[in-house]
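I have placed the structure first, in the form of structure tokens, so that the comments after it can refer back to it.
We just call them A, B, C, D and E in the order they show up, numbering each chain from 1.
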Amino acid sequence: MNQVATEAPPKATRPSLDDLNLSTGKKARLHRILYEFGCKNGTMLALPIDQGLEHGPIDFFPNPEAADPHFQFRLAVEGGYNAIACQVGLAERYYPEYAGKVPLILKLNGRTNIPPSDEAFSPCHGSVEDAVRLGADAVGYTFYVGSPRQTEDFIQVGRIRQECERYGMPLVVWGYPRGKWVETKGGRDSLYAVDYAARVAREIGADIVKLNVPKRSDKDTDMPKPYDEMDLDYEEGARKVFASAVNTPVLVSGGSKISDEDLLEKARAVMRAGATGLIFGRNMWQRPMDEALEMTAKVKEILREYPS
Amino acid sequence: MNQVATEAPPKATRPSLDDLNLSTGKKARLHRILYEFGCKNGTMLALPIDQGLEHGPIDFFPNPEAADPHFQFRLAVEGGYNAIACQVGLAERYYPEYAGKVPLILKLNGRTNIPPSDEAFSPCHGSVEDAVRLGADAVGYTFYVGSPRQTEDFIQVGRIRQECERYGMPLVVWGYPRGKWVETKGGRDSLYAVDYAARVAREIGADIVKLNVPKRSDKDTDMPKPYDEMDLDYEEGARKVFASAVNTPVLVSGGSKISDEDLLEKARAVMRAGATGLIFGRNMWQRPMDEALEMTAKVKEILREYPS
Amino acid sequence: MNQVATEAPPKATRPSLDDLNLSTGKKARLHRILYEFGCKNGTMLALPIDQGLEHGPIDFFPNPEAADPHFQFRLAVEGGYNAIACQVGLAERYYPEYAGKVPLILKLNGRTNIPPSDEAFSPCHGSVEDAVRLGADAVGYTFYVGSPRQTEDFIQVGRIRQECERYGMPLVVWGYPRGKWVETKGGRDSLYAVDYAARVAREIGADIVKLNVPKRSDKDTDMPKPYDEMDLDYEEGARKVFASAVNTPVLVSGGSKISDEDLLEKARAVMRAGATGLIFGRNMWQRPMDEALEMTAKVKEILREYPS
Amino acid sequence: MNQVATEAPPKATRPSLDDLNLSTGKKARLHRILYEFGCKNGTMLALPIDQGLEHGPIDFFPNPEAADPHFQFRLAVEGGYNAIACQVGLAERYYPEYAGKVPLILKLNGRTNIPPSDEAFSPCHGSVEDAVRLGADAVGYTFYVGSPRQTEDFIQVGRIRQECERYGMPLVVWGYPRGKWVETKGGRDSLYAVDYAARVAREIGADIVKLNVPKRSDKDTDMPKPYDEMDLDYEEGARKVFASAVNTPVLVSGGSKISDEDLLEKARAVMRAGATGLIFGRNMWQRPMDEALEMTAKVKEILREYPS
Amino acid sequence: MNQVATEAPPKATRPSLDDLNLSTGKKARLHRILYEFGCKNGTMLALPIDQGLEHGPIDFFPNPEAADPHFQFRLAVEGGYNAIACQVGLAERYYPEYAGKVPLILKLNGRTNIPPSDEAFSPCHGSVEDAVRLGADAVGYTFYVGSPRQTEDFIQVGRIRQECERYGMPLVVWGYPRGKWVETKGGRDSLYAVDYAARVAREIGADIVKLNVPKRSDKDTDMPKPYDEMDLDYEEGARKVFASAVNTPVLVSGGSKISDEDLLEKARAVMRAGATGLIFGRNMWQRPMDEALEMTAKVKEILREYPS
């Protein structure tokens, strides 16, 4: 089996909207996101602003202006993003002024990072009905693959998926390996864990999945066989996990702030590897507006090379 | 990043009612609270009387007359408060005599302080429908940010927020950091914790948030970076956390009884820092009625200086 | 504060039915209990027969005849009690023969005492709809104040209270301090615990509250300040806790069997202290019918002195 | 009190159907069971076939033919039983062929005995609606008296009881003391535990209760006073616990297989003691059909002596 | 009893569709699966593709093409399977292209194998309504017999079974012994455990049950008596557990990949032992398409010998 595992990962395939067998409502809304905004070519650049809940105000310290959500909403509109993603409390207060100017992905669940994540579970405080009422074009849901509380997660996401089906609302899954058992098998950023998460997102019915690209680490030997012997570089790792999402459009997150060149290289690599798009938050709004717009433009240049 | 963190906190901004993008029902009710009662200038002085549940009869010992809720209801009406806040059991019994004379904030959840608060969760025994039936102008909800049981809290507050949306009922969140993990990171009154709580209130959809002002303490070094190196005085701390509530009107609580001069100075400082108002309980009703009315008048003098 | 605490407790006040701001249905039913049965003077003598569930058949050993619920139902009717209180299983089987002859308080929750009470919670197996269907004039609910499971209790009692509101059904709360944290603060019969329980009953919306009178004990020094220094005799203790129920009619329970003289003295003391009535079970039915009727008559003599 | 406890237990009373104050539907269905089947004299012989779930296929080893439920259904019809009791999976598959020929008691809850019973709880997987749809004449419910999970049991049985009330469906309670706290107080077969269980069945609204007869054991000294000093023989023990079921018809189970003579003597003793009938499973179907029918006939001879 | 236990196991009986007393909708759908697809002779060959969720992408390493669900759907259609079984996420995306060409068994619950299985529970994220909407001909449900969380499983499967009843949807139970208590009694593949699981499937209302054939192991002596002394070969073991499913059609799973000859021998043995069919996943799709089709044909040859 090792032979197979060390072969080149499968070729990149970027699913097109027509391949996804979506219901009419989902198709209409995803078409809006993918073809009427951003580069209008089937790629996606999303701006997440849920860090205030997930990490606290600390993420706004590098650019205090960004603590005011108007900053991100303005950036999303002026920068021509495909969508902005936030919790219902921000959407209720800020989206009215920007409604229609940029699509909204209403993030339905969340948590503070004050308790440790060894038994992570992200409870829903928003609803698909909220999303419909607010004119959102998708909902976002964090699924913690492999957590000791995954039982509750399956039940919760099943309910949300069915509501999405009822309303024709696309479901964007943040597919995150997490919890104490994941940490014993190579960790949350390991190829093993991200690869599993990618598949799970498809199995539970994600319309789009947000993934991190696996990182090589010292803990790689903790991964189950044959992952422990696989030695993939960044782009190969990306290609591998995107393939495991089987025909589900993938967004790659930027994570904490890195250098501009690294960020752009990351964008190029994952697009080459078959990503549908990028969801860059801190790397965009942890800088002044003019710089953020400039960086946005550079990233969109890359996306323009990958029409579908 | 430390450079940023030690800069002056952002300027105070007091959100006006028109900025809040409220539904019609919420706006009508908040207008009643903010402009038809109290100083009628957009500020707010609220009288809480939920201590009998949260702390027990012990809080009435300094002024036994105050054990009878008529005392607080009379004080609220005669002192011209913007609202009185209490649990449903008191509202059912006492509010009939005062209905219409002072707005009611029906506090929906609560707990006794007999069990320790390391896994704090405040369960709802009242409902938004109760509030509607009783003619309340807002509901109150305690959210324990960072508690090990925050999962239940997110789910519960999500349900309440949606009912508030359905009925046009404003949601006032008591945003309290609490639980064992908070205590390991500087404690419930630390800048870190209160700052996080302020943001969370906005993320979950609070229409108004009640905050404590952070205190400096020996445990400050336990706070995550860069909070552990931030050295803000009382007013700066207030300004910082109000800013983190991003565009959400803030009420500051009085806490346990302090000297009159300290209380008035506290009121002045937080109003300068951008608070919308004050929610003073024990500092008001733990004294005879005439003194309470006198103190109320002094506080309202301060509020008159901050119309919006 | 100690000065205040050692002063005489507040004066006894016995709330009248008109003061309670009850809904029409609640008022009609409580009027039936308080003015059409028993002494018909606003006082109340209730006969509880839930010990078979709470303690087991052991409580019937002193008077085996009392194991047959007909005994208690007959005693309630012939003795002219204001109400009989029992679980739904007894009500379904026995109340049909006595319906209309004595009001029924349907006890909705209960538990066996086989598991220890350190995490006490009393689950509902009866419903307010059961009470309506059976023609009951009130429902009974045990709330364990301060228990580690108080969270579930608040949620459960909130649901019951709202159903009571919907059907105009009075809610009688058995307000019992209980659980391991209570035991570390002076215990379930301490002034601290009972005083807190009395207030909580009002806060959660009890229409009538059943309380025990606090007992002095060796553990009094475990109570929080200033309770640990308060030295109240039986009647003063009663007066204190009744006052903490703020305007809620109080029933005092008899507890396990004591001497006749002690029982009558207890009845006199608590009525002087402002109780609305008594709920005496074992002290009544743990004796032959003729003696039980005789004792009932003596207790009612006392109640006749306290019309309201 | 010891004097009382060591006296003769109360006289046997076998409740008649008219004494039970049943709703019309319950009365019609119980009349069918008690007077239209079996000995047609108000006694009851039931055949339980829930051991496949509760104990596994192991119980069918002594008579492999009995692994096929047709065996028990045929035995119930040909032997003229008052009812057969089984889980919904067997009822769906086998009862169609026997419908109307023998009444069905649909057992609603159950569990495997693979996990230990120290925290026993028997979850419902069948419903009262299932029973109605299948033409059952009663439902069966196992209540584990005194279990650490009795909280869930009370809530579950309360829901089932109310559904029974709604549909006029008799509720047969398997009243079993169980769990770690029971074991510290003399054990599940102790007089203390069974006596308590009998009463609880009445309190929660059982229409019929299935009890085991207490056994003397070495652990009797662990029972609470005065049970620890009571020395009752088999029939006296039966009489005692039947009395504690106060006016609820009692079925006695056979338990694991014993000798024919012991079984018949057991039947005689419990009928003398006031049982309404017997629920004999393994003692009947752990033998060939002809022997099972023969034994059935002998037991029915005994039942014929106890018309009511 | 040992004598009985070591006798030959009961004769194989393969239930026919008419024997199962199915509702009209269930019968129509099972007829479609059993007589309109596959060998059209009442046998069944199903292709499961839920391993991506249960085991992760790791199962696709031996044949990377199989990571794309089109592989399995094509195999199911071209190979002429009776049904394909998968989670809702795959069904939503892939079944539209194959709808009507092969029946769908929608697997409703699932889990990742990242947490250990000592407290196994498989939560539902799909629903029977999903199955109806997607035109599925059955639903699949994993029941973990004997798990510490079996309580939740009974409640969940009871709800699913009732929904199946309402919609006429056949219920296929994956009957798996699992959890820490099972491991102490011989393990999940022991005769004891599988035999118990087979019976439980019938008791909870399975229309078809998927079983593993017991394996002999070193731990056999841990099994309860008399299982510990039973020495059955593969086919005898199969016959024994199929008999315990009493009149429920049995599918046998292939498990992890074995040699072709072993697989065919396995198929022959279990069909001789009375299985209705086979559910072979990895043994089919962990090879190239042409080989998979060839192997499929060989297995179907065997099934053709067992019409019913």
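Everything below uses one rule, namely that contacts are C-beta pairs under 8 Å (C-beta built on N, C-alpha and C of every residue); 3 or more make two chains touch, one makes a residue touch a chain.
Keep in mind that what you see is a predicted model, and the values were worked out from it rather than measured.
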item	value
Numbering shared by both copies at the subunit D-subunit C contact, with half separating same from different	different
Subunit A and subunit D: spacing of chain centres that average the CA atoms, whole Å	57
Chain centre separation (subunit B, subunit C; CA means) in Å	35
Interface hub residues of subunit C, defined as touching at least two other chains	none
Pairwise touch network: line, ring, star, complete, or other	ring
Residues on subunit D engaged by subunit C in the complex (per definition of touch)	1, 4-5, 7, 10, 20-21, 145-148, 150-152, 154-155, 157-158, 161-162, 165, 177, 179, 181-182, 185, 192, 195-196, 198-206, 224, 226-227, 243-244, 246-248
Partner subunit E, residues of subunit D touching it in the complex	50, 52-53, 56-58, 61-62, 64, 67-69, 87-90, 92-94, 96-97, 109-112, 114-116, 121, 123-127, 129-130, 133
